[in-house]
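A quick write-up on the structure given underneath.
Order of writing sets the labels: A, B, C and D. Residues in every chain begin at 1.
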Amino acid sequence: MAKLLAVTIIVIAIASAVPIVLHIWPLPADISAHGHLIDEQYADTMWEAGISFLASQILLAIFIWKYATPAPNATIKRFPGGAAALVIAAFVLVGTEVLALGVFGAKAWGQAYFSPPSADALPVQVQAGQFAFYFRYPGPDGKFGPIHANLISEANANFYGLDTTNDQDSKDDIVTAEMAIPVNREIHLLMHSKDLGHSFYVPELRVHQDFVPGLDLSIHFTATKTGKYEIVCTQLCGLGHYNMKAYLEVKSPEDYDAWLKQQAALQ
Amino acid sequence: MTRRYHFGAVLSAIVLLCCGALILGQKVNAAGEGSITGTVKLDGPAPHMRGIDMSKDPYCVKQHASNPAHLETWVVGSGGGVADTVLYLDGWSGAAQTETSVPVFDQKDCMYTPHVLALDTNQEFKVVTSDQTAHNIHPLPNPMINVGWNQSQPPGAPPVTKAWKNPEVIPVQCNIHPWMHGWFVVVKGPYAVSDDSGHYTINNVPPGSYTVKAWHEPDEAQTQKVTVAAGGSATADFTLKAK
Amino acid sequence: MATVVHEPPKMDVDRLPGQGPGNGGWRNLGPASGDLRKVKNSSPPPASTGIWVGLASITMTFAAFTSALVVRQGGARDWQHMTLPPILYFNTLVIIASSFTLEISRRRVAAFMGGLQERVENPLRWLYITLALGLLFVAGQIFAWRELVSQGLRFATNISYSFFYLLTIAHALHVSGGLGGLIRVIAKFNKRVLKRSTLDATSRYWHFMGVLWVYLLVLLWMKL
Amino acid sequence: MHDMSAHAAQHGAPTSFIRKHIFSLDHKVIGKQYYALALVAVIVGMVLSWLMRLHLGFANFAIPGLHLLSKNGAPGDIMTPEYYLQLMTMHGTIMVFFVLTTAPFAAFGNFFLPIQTGAEDMPFPHFNMMSFWVTFTGFIILMASFFVSDGPTLGGWTQYAPLSAVGAVAGPGQGTGVVLWAFSIAFFCVGQLFGSLNFITTTLDMRCKGMSLMRLPLSAWAWFITSIMGLTAFAVLMPAAILLILDHVAGTSFFVASNLVINDSLLPHSGGSTLLWQHLFWFFGHPEVYIAIIPGMGIVSHILITNMRRPMLSHRVLIYSMGALAVLSYMVYGHHMFVSGMNPISSLAFSFPTLIITIPSTIIVLIWLGSLYGSKLRINTASLFALGFVSMFISGGVSGFFLAQPSIDIMLHATYFVVGHFHLVMAVAAIFGIFGGTYFWFPKMTGRMMNESLGKLHFWLTFVGTYCIFMPFHYLGIAGNVRRYQAFVDDYLIPLIPVHKFITVAALATGAAQLIFIYNLIHSRFKGAPAPDNPWQGTSLEWSTATPPPHNNFGDKMPVVYHDPYQYSVEGASSDFIMQTSSESVHSADEEK
């Protein structure tokens, strides 16, 4: 039975590694300017975690195979070096490993979060609410009008609570239900929650940020490939959480301009 | 043996008599009731109704591929007739519940049909779904007046049967498709909802003087006084203004 | 405040069970050789360890409330700092005084138990005074709440009031627990079954409630 | 405050049924009560997970009879989105609180900590009894929320504000359901605080003669460390739950920000802090993970040592590592909030301790592996489950490398990768610890042996089954499958549905295998072979007393301890194990190392 267990553990360990090695379910293809850092970090971590995983499972299996049901006159053998060697090994091997991961990971994180958006980044606002995203483009004046929470009315399609009669800045704001962005241009995404906690996650874009009610956050990113992607909510927000999504279209600058004009006409 | 037959015969006769009296009585009553008819019109041009972008749910987009969806705040027919106006008798003091039919509130193509559902107090209604995407029905009454609910209806789920206890104008929304917006207008007594050409008829109105109230979303309300003769019909036309 | 007078250690390796707390304890570091002659024979009574553990958890609870208050006060613009009802300062004096009276009674009980004090009335009187002061404190707190409510300042009026009610009520409930402990001590003392560890634990708890109150008062009074 | 210590020693064996089996002061009965509670809870939680998996694998599958559970939640037997989330929330809450905390910590700890320390009972038996009954009340309150009109809360076991704090407008169950949830959690916290108080005091003050701290078995150490964590963690969750209740019933705004709009209506709250809940919750939540797993580590070490016939390479290093886990667990809780809008610098600050926590975990695993080397391993159901625990802990642990790094967390946060990670490392591993403990200690607890053949069958099905369930979770997460979705409507998730079908089948099969365990448990309780006092030739104190132990644990003579806890295969000794109570004088290389 011990040998069966050892074999089972090895089979499970190898079977677990197969889909990873064969890239059966890989990370979604990266379309962002900063994503390669995350992907490299992920790949490095996968190597280290994979080796630790396989090595420890196989060691466990070997020891089970070898030391179960010993001969009656067998004596206890001590692991060479004893506990001290293992503690040192843990500190040295895992310590350097995690330190390296930590330091390089900090770089990837910093790339995404510590640099300010460039001055010519395109500002887009996203508002999350139960259970849809709405996007706002500032229009020709480049300014977003103020949000009046008491005017928010999904019944009248005033999703942002804009007062277009009194607020000058609101008049040319363009509110849309899908997000389109020009390719290779930095986007400065201003995040606002209408009601609860939500999240903005585009796996291909390597972007993931929660909406915090009462606290407007912003992130910035650049998409490098045109195409249609999905923005999904990852923060449990109620019964329609699974269907809280919007499409993200990365368009060529010309297509983007045309799209924006078309949306402006619909306001 | 014969006595038993006698008893049976007498009982049947009594039952028959009672039923007959009831039916006759109703007929007599119905003969005395009148109706109020009229037209609801809009003053000025029909406001522009914004289109609805349903892109978040591809199913909804597909349903509206040929007929683009737009807001239904003002549905104005030819000749300026306004649909979805609720007409009812203000200060109704007659029977507690006059309407007993079970109207249907359908979720079809990611919109509500009808957009406005008028109801008598305690009148049961059915919420059904014709869509292959899940909706949630979330009416939000004033908690001091009625008890709200929020319930999903996945595709193929049986109808939800509900009723409202007290008169109130209750907005209803689907949060999964936030553009889906409708109204439950709960009134006491007979009511009618104007059709696409603005016509309406309130039936079963006993003779007497009434104030007819016309309600249109979001909070437009007008009144007119009419007198209904026994078996006759009164007319009340309304002209609304879009804000 | 004062030295804790331990009960004399009792030790019998082969004692029968059911005659007192465990023989071991955290001071009882057994030698490797199995030679038990060097082993210390007593541990502190569990009540005196237990009370510290309990106080630690109460401290954590109020630390959590404090961090909530700090975050909530610092993060929002809707904080209206409240003026504390003046009676609270009187209550503070009462609870501090009760700590002193309890300490006096603790010593007198110890003297009585040690046979140095003949008359039971003397320590008992001080216990009753402490109990009365404790009740007065709780009554004073209730008076403060009533006063605020009569001015229309309720739980949800502003977040500062929410914290005020929350912290003072939580504290008052803990003080009421302490009053229960005091009544228990008095009852046991009257029956002459009071143990020193019970008395010491109760008095530690009571002093802690006093310190906690002063802390809460400063926390509510301060504008961060 | 309350001096019940005298009572601990003085209370004689009760005679009435109620005092003996229901409101018992005996730590052994309370331990069994906790075990029974965990058993009921785990069955409820497992059935919930079956329903969830059926719904996930086969969308809009009508589960016959489901409408009997909830008319609104499953009209026509089809699960609604909210009902899925409600079941999910209840599954998480029941499992984390009423199974993973109660079974390894409160149940086994209550039964064996006093025995392993050589105490007659806990020092405050009334608190101990209250601990169980308050926890039980919490469970009943939680179950009651199934029967309120709009069902239990759907906010997830983390119950993030403001979804949890704004009331019924946010969704079904977010009114009464949340309030009941919060009350249940507050009760649970109080119960565990009472329990922790007893555990700590027992370990410090109630040890028998000769029982130094380092002579405590590893399981006792694990319970001691866990109880210190419980004391601090539950003391923080309880105030958080109280604040949540106040936001509901008193109209306060601790967690609800200003100007929130739902259904076009402005919510009557202002100024609350959303992140405050997350900080309070995770300050409890991360230590809670270790509260669930550290007792498992202790139990598994205890089982492994007994079955390897040798002590661990180092007794102290294991204890220090578990202590380090406990201390670090308070410094890492922010890694749950990397993308929550916390300052990105604090994300990094939380990242490093999270990575460092792998060091003590690695040490523990290496000590287990190193001790396995050159041992005389006996294979029985208990040791199989202990070895399974080690394997699960490794598998679940390595995925922590990914989640500890904020940069990779951008990809994996809130995906099935996280679900796979915590199920393996915390849930399944802890459950393996519970199973191992059950097969190992059942003889001592009931006086009867469990059926080994059924036990081994149960192990194989469970071991392979859980890997089939939880390994694919990682792949789903890497592909970006978001958790807490009741259906997969996103275009990029639709190709993953076959994986979900596979997981569902595996989950149903593995769940069915647990029926073997329940049968074995009940059958062996009444019909099992009578157990000897020391069936596994163990050395610690629980094996030196009668089976089952008498009311005061050790009969009429208190034990005296002469040895370290694990004197196995000592050269020159009269047998291959020396009980802690044996006065045999031996030279041991391992003693006090």
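Please note the rule applied: a residue touches a chain if its C-beta (ideal position, glycine included) is under 8 Å from a C-beta of that chain, and two chains touch if they have at least 3 such contacts.
Bear in mind the structure is a predicted one, so any value in this text is a computation, not a measurement.
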Maximum centroid distance from chain B, chain identifier (CA atoms): C
Centre-most chain [mean C-alpha coordinates]: D
Centre distance in Å when chain B and chain C are each reduced to the mean of their C-alpha atoms: 65
Whole-Å separation of chain centres (CA-atom averages), chain A against chain C: 49
Distance between chain centroids, defined by C-alpha means - chain B, chain D (Å): 54
Overlap residues in chain A, where contacts from two or more other chains coincide: 129-130, 154-155, 238-240, 243, 245
Multi-partner residues of chain D (at least 2 other chains): 80-82, 171-172, 258, 262-264, 271-273, 275, 487, 489
Residues on chain D engaged by chain B in the complex (per definition of touch): 60, 72, 75-76, 78-82, 150, 168-169, 171-172, 262-265, 487, 489
Sites on chain B touched by chain D in the complex: 57, 133-134, 136, 138, 140, 148-158, 160, 171, 173, 175-176
Complex contacts: residues of chain A adjacent to chain D: 1-2, 5, 8-9, 12, 15-16, 19-20, 24-28, 37-38, 41-42, 45-46, 48-50, 52-53, 56-57, 59-60, 63-64, 67-70, 74-79, 82-83, 86-87, 89-91, 93-95, 98-99, 101-102, 105-106, 108-109, 112-114, 129-130, 149-150, 152-155, 161, 193-197, 199, 201, 203, 206-215, 217, 230, 232-243, 245
Complex contact set, residues of chain C against chain D: 13-26, 28-30, 32-34, 36, 39, 43-47, 49-51, 53-54, 56-61, 63-65, 67-68, 71-72, 75-79, 155-156, 159, 162, 166, 177-178, 181, 184, 195, 197-198, 201-202, 205
Chain A residues within the chain B interface of the complex: 129-133, 154-157, 159, 176-178, 238-240, 243, 245-247, 266-267
